[in-house]
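In the two complexes below, chain A is the common chain; its partner is chain B in one and chain C in the other.
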Partner chain A sequence: MRFSAFLSVAPAAILFGTFFAVPLVVLIATSFTSWSGRSLEIVGFENYQRMITDPVFAKALGNTLFYLAIGVFVQVPLGVGVGIVLALKLRGWKTFRTLLFIPFVISGAAYALIFSMFYNPRSGLLNSILASIRISGRDWLFDSETARWAVAGTFAFILGFVMIVIMAEIASIPRELYEAARVDGASELQQQFLITLPLLRNAIGTCVLIRVLADIGMFDLVFILTAGGPDDATVSLALYAYRAYLQGDWGYANAVGTVIIGVGAILIILVRRLFRIGDR
Partner chain B sequence: MTHSKFGRAVVIATIAAGSMTLGACNASGTEDAAGEIVITCATCQESPTDPFLQYNYEAAQRFNEEFEGTYRIETLSNANAGSGDERLQYYQRLALADDLPDVFQLNSAEIAALSETGSLHDFTDDLASDSAWADSFQPGTFDALTGAGGEVWAIPQQRDPIGIYYNKDLWAEAGYDELPSTWNEFEDGARAIAATGTIPLALDGDWATMLMWTNLIGTAPGGQDFLTEGIAGSNYVDDEAAYNATERLRDWHVEGLVNSDAFSGEFQNAAAAYLSGSAATVPNGPWFVKTNLQGDAAIDGLYESTGYSVSPGWDDGQGLVVVSGAGWVSGTEDQTELEAVLAFLRFVSSEEEVIVQAEQTGANPAVIVDEKALEAADLEPLSSALVTASNDVAQTYPHVRVHGPAGFGNAWKNLWPAYVQGDIDTDAFLTRLAEDANAGGEQP
Partner chain C sequence: MTASATSTGATSKQAPLPARRDALGSARVTTRRRHLSDRRGALASTVLYVVLIVATVLSLLPAFWVMVSSFKTAAQINTGEGFWPTPLTVQGYIDAFTQIHLQEYIFNSLLYAIGGTIGALVVAFLAAYPLARFDFRGKAFLNVTFALALAVPLVGLATPVFFIVRELGLFDSKIGLVILYAALQFPFTFVVLRSFLQSIPPELEEAAMMDGAGYFTILGRVVLPLSRPAIATVSVVAFVQIWNEFFFANLLTVSAENQSVQLALAAFKSQFGFNITGALAGATIVMLVPIILFLVLQRQVIEGLTAGAVKS
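Moving on, here comes the complex of A and B:
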């Protein structure tokens, strides 16, 4: 019994060890070194001290938290709202569900290219629309004032994942609860606020958790849309680490990677506690 | 199957799989069953969009045909074969794994960085032992490919004078029969063109913008020194040529003489403005004719309306950017493989092959070619006119993107939009540009 249990766990343990545990240990260990691939020298906390004093790191951390906040406070509430409305199965709900899910399945790179055309100051759709109502456009992606918002605007409205999770969760809520509420005279709106929303706590918490995990490592959209510019106005932590890696500063890049994991872990613990995920 | 038989089978299968993997990894450079020396090329793949890769592919096929039974090029499929920011990183990873291809192409900044790994072959002795081959190259073509210790890290692929394309009709409307010869005249003309609602100058925030910056610096007194030596240092602010050029180029943006989508880093934005007839001028290399001007995106008659000129100058005559940065490098030190590598490099630098490359890509030969052979080849007239002009211009200088530090392009793309929009002043821009561009000096 013990041997078969060991066998059943072994593949997962080997994969976990090979592709997560060992790289994590290497990442953290080398974050205390000056490492260029050829030479390795232990430098203690020097990389972390350098990080604290680098204004670009502060920008990268601020931007990453900004993207994360947009994901959590814009995408999740919108997705929850749309999911609840679609779960009412009003006329045409399947069409809307499909349309809203499409952006979720498009690759980040393709999505970024579409939006770079959308934001193009000379021939983009956004400026053309604004021009039609006599509002002057601007270079949204390369203007320090608007770049961060423009990048966030590309993913804030990708509601597909949250919407589907919410709809699936609503489908599992017993119908009897709504029937009893109706008998007690609760309106449709009251039913959604007093029955549906509280029972969606776990699903909403899961969506927030997944957004945190996705946005803490935000890279592809920023890299393709702006490469972190202008003047690092859009740079994310992952892109900041990538730049250090390109410069052969691998020890420093791994220190940034360690910070990303640390910040992510703290946020995950907070979200789990806030939504009491797993407590039923 | 019993446990012991199963275990034995697993061990045998593992060893077999490992052997096959190692065998596959070790395939290059060894003699195959036909007795040919097989080498790998990482920039010899077919490409419908990149004429240089396509030429390399066809050249490798011709080489294989000519040297059948002796040498053979095996083409590697490489997503990073074309130029791009990730190419250097890709080869650095391979160098660390001691698995560089036997032959591939890099630009000079990439060569400088990759040579630090100690994995590139030094061609010094090969050229010294074959003076006829060494002397066949044009003067200066090895400059950007030579290391600090005199190592020759690459065999030059081309030597391109790079100029400025201009729409003769649009400039004529502003009263100019040809591109002005001084920057002040150029600005006057640009303002006149802007007044008609046309974009005077199409830029992209990257290659083309840096090309104009290079032109402005290179034609100024002392500017060539900055572009050849100062660019790898940290003192950009105190260089008068660099300082004035930076402010002048910024002013063009501020004045509205440049397309509004000039910050993206995508050359396509600059090209689209010119090809659609909405911009009067765009700087680029001779390959622009093949890849854009003769493509479907160009409006009817644009090729005939296009002139190709050297850069205007400050007061002392015009100038020209010369790029000879791209070269063939080798990642092997195996003597058997090197024999095949050198045979291939002699092949692609032969007079016959460089003319074929010039015909197919629009690029100009890195080797000295007999004038009659060039005439007979009847190269593309618009772009090849600059080859002749390059002998007469007052200044020639290298492009910062190709000859500058490896981090220059990324630093520029990050800072240039913020500088133009007034977020940072000239001193801060140049200081940070120098720092960021040179930050990647120590590559793995």
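Moving on, here comes the complex of A and C:
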């Protein structure tokens, strides 16, 4: 029995070791080297120093945090709002749930294609809508003033995931709480703010965590939509690391990779503390 | 927290209250007081519907517009005139298969998604069972370590993963991507399966053990059949995630014969001038795969995602 159980965990341990543990160790270790995949030389903190002084890195970090902020402060609250509204089970709520969930299962690459058309200055839908209300459009993705916002606009309204997590959590709130509040004379709105919202703390925290994790590694959309341009106005940390990798500058790419994972870990710990995830 | 994960399914299956169903059909005053949205007031529910409609339009309009545009002629797409196709054409769909050869990319993506999902399932199931059932040294460590992988932004690991895949001789090969996707989907699959296995009572396994059944017999004959709902749930999620994956597919393949549909989509974008109708039709087909899967298996997808979110 003992041997069988061991045998049964072995494939997982091997797969996990090969594609998570070893890469993580290699990543951190080689971030202190100059590495091209073949020759390797220890350089200490040189990669990190270079990062601090590179203005493109500063842009990449700033943009990544910007995308993350849109995810956390726009997408999550909108998703929570829609989730709360749908949990009221108005007529047709299932149809809305289905429609609102669909964007979540569309891939980043498809999204990039969709929005490169949507924002197209000549034939895009956005500018024709704006023209119909007499607002003159722009080349949203390739105007350095609007590019970041245009990229954020592609994912800010993908509410499906937050919505279903919130709905699942609301479903687990005992109905008696609302009954009691109603007896005490609380209005519908008061019930939502005083009962539902506080009890959603854990679920909202979870959504924020997942957003942080996804946005800290933002790549597909930026890479396909703008390749980081114009003038690095949309470049993300992951794309910045990828560029270094393409140039064979692997040690530096891995220093950036270490920063991505490090900043991610710090934010995750912060969010867990803030929302007191785990304790009820 | 675990309860909430399973309760989504229960809510969606819940039949509307009989009283409410009456109220939906008739406007008679007697049923009025039973109708929830009536009590809420017409103004309030109008506001809520407006909110829902605005949210739906904001999140769905661009994708819907592109799907509609896949039936337009290249000339109409390029001028951007009109929302609906005039005239309507399926030339894009013909081009997607005859010129862009979408079927070859679809074949690859199906292979990656099915192979990766099965790989992750087998490995995660084998590991989840002992880690859910037995006590042994290192158990807590393995449980935490496997789950922690969910908290790592994987794009950070690009270069080391590329290096390892290359050193293993798996670069730019179909089997290499299948193995990588099995590995990437493993942590999520493991976490969901393990917590499901913890929730089923061990009596059946104990009885089988009394009858002299060995470990793998119990696993295959007793535990596996019981786990079907959880397996269905994680399979859909893993399939859709692999189908939609771009980063590692881009990192680990170069030849066209190994590329996935997502890489094909990214390539369409740069080839707009060359065949825009084919590109839009292709994009529509690629999007419709997970959308249809979701529509058919809505309950599994939603359960799987909430379970994963809540448990990690």
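In this section, the second predicted complex is superposed on the first by the 264 of 280 C-alpha atoms of A that agree within 3 Å, B and C clash if a C-alpha of one lies under 4 Å from a C-alpha of the other, contacts with A are read in each partner's own complex, and residues count from 1 in each chain.
The rule is short, and it goes like this: contacts are C-beta pairs under 8 Å (C-beta built on N, C-alpha and C of every residue); 3 or more make two chains touch, one makes a residue touch a chain.
Since we're looking at a predicted model, the values are computed, not measured.
When the shared chain is aligned, chain B and chain C each come close enough to touch A:G37. After overlaying the two complexes on the shared chain, residue contacts for A:L159 are found with chain C alone; chain B is out of touch. Once the two complexes are laid over each other on the shared chain, residue contacts for A:A150 go to neither chain B nor chain C. Look at A:R122: by the touch rule set out above, it reaches both chain B and chain C. After overlaying the two complexes on the shared chain, residue contacts for A:G229 are found with chain B alone; chain C is out of touch. Looking at the shared chain after the overlay, A:W250 reaches both chain B and chain C. When the two complexes are overlaid on their common chain A, residue A:L86 makes contact with chain C while staying clear of chain B. More chain A residues lie in contact with C than with the other chain of the pair chain B and chain C.
Residues 37, 116, 120, 122-123, 245, 250 of chain A lie at the contact with chain B in one complex and at the contact with chain C in the other.
Those residues of chain A lying in contact with chain B across their complex are 36-38, 116, 120-123, 139, 141-144, 227-233, 243, 245-248, 250.
By the touch criterion given at the top, residues 85, 88-89, 92, 96, 113, 117, 205, 259-261, 263-266, 269, 272-273, 407, 410, 413-418, 421, 423-424, 439-440, 442-444 of chain B touch chain A in their complex.
Those residues of chain A that touch chain C in the complex are listed here as 1-2, 4-5, 8-9, 11-13, 15-16, 18-24, 26-27, 30, 37, 78, 81-82, 85-86, 88-91, 94, 96, 98-103, 105-118, 120, 122-125, 127-128, 157-161, 164-165, 167-169, 171-172, 188, 202-203, 206-207, 210, 213-214, 216-217, 219-220, 223-224, 238, 241-242, 245, 250, 253-254, 257-258, 260-261, 264-265, 268. Interface residues of chain C, counted against chain A in their complex, comprise 1, 3-5, 7-8, 10-12, 24, 36-37, 40, 44-45, 48-49, 51-52, 55-56, 58-63, 65-66, 69, 77-80, 83, 122-124, 126-127, 129-131, 134, 136, 142, 145-146, 149, 151-164, 166, 168, 179-180, 182-184, 186-187, 190, 214-216, 219, 240, 243-247, 250, 262-263, 265-266, 268-269, 279-280, 283, 286-287, 290-291, 293-295, 298, 301-302, 305-306, 309-310.
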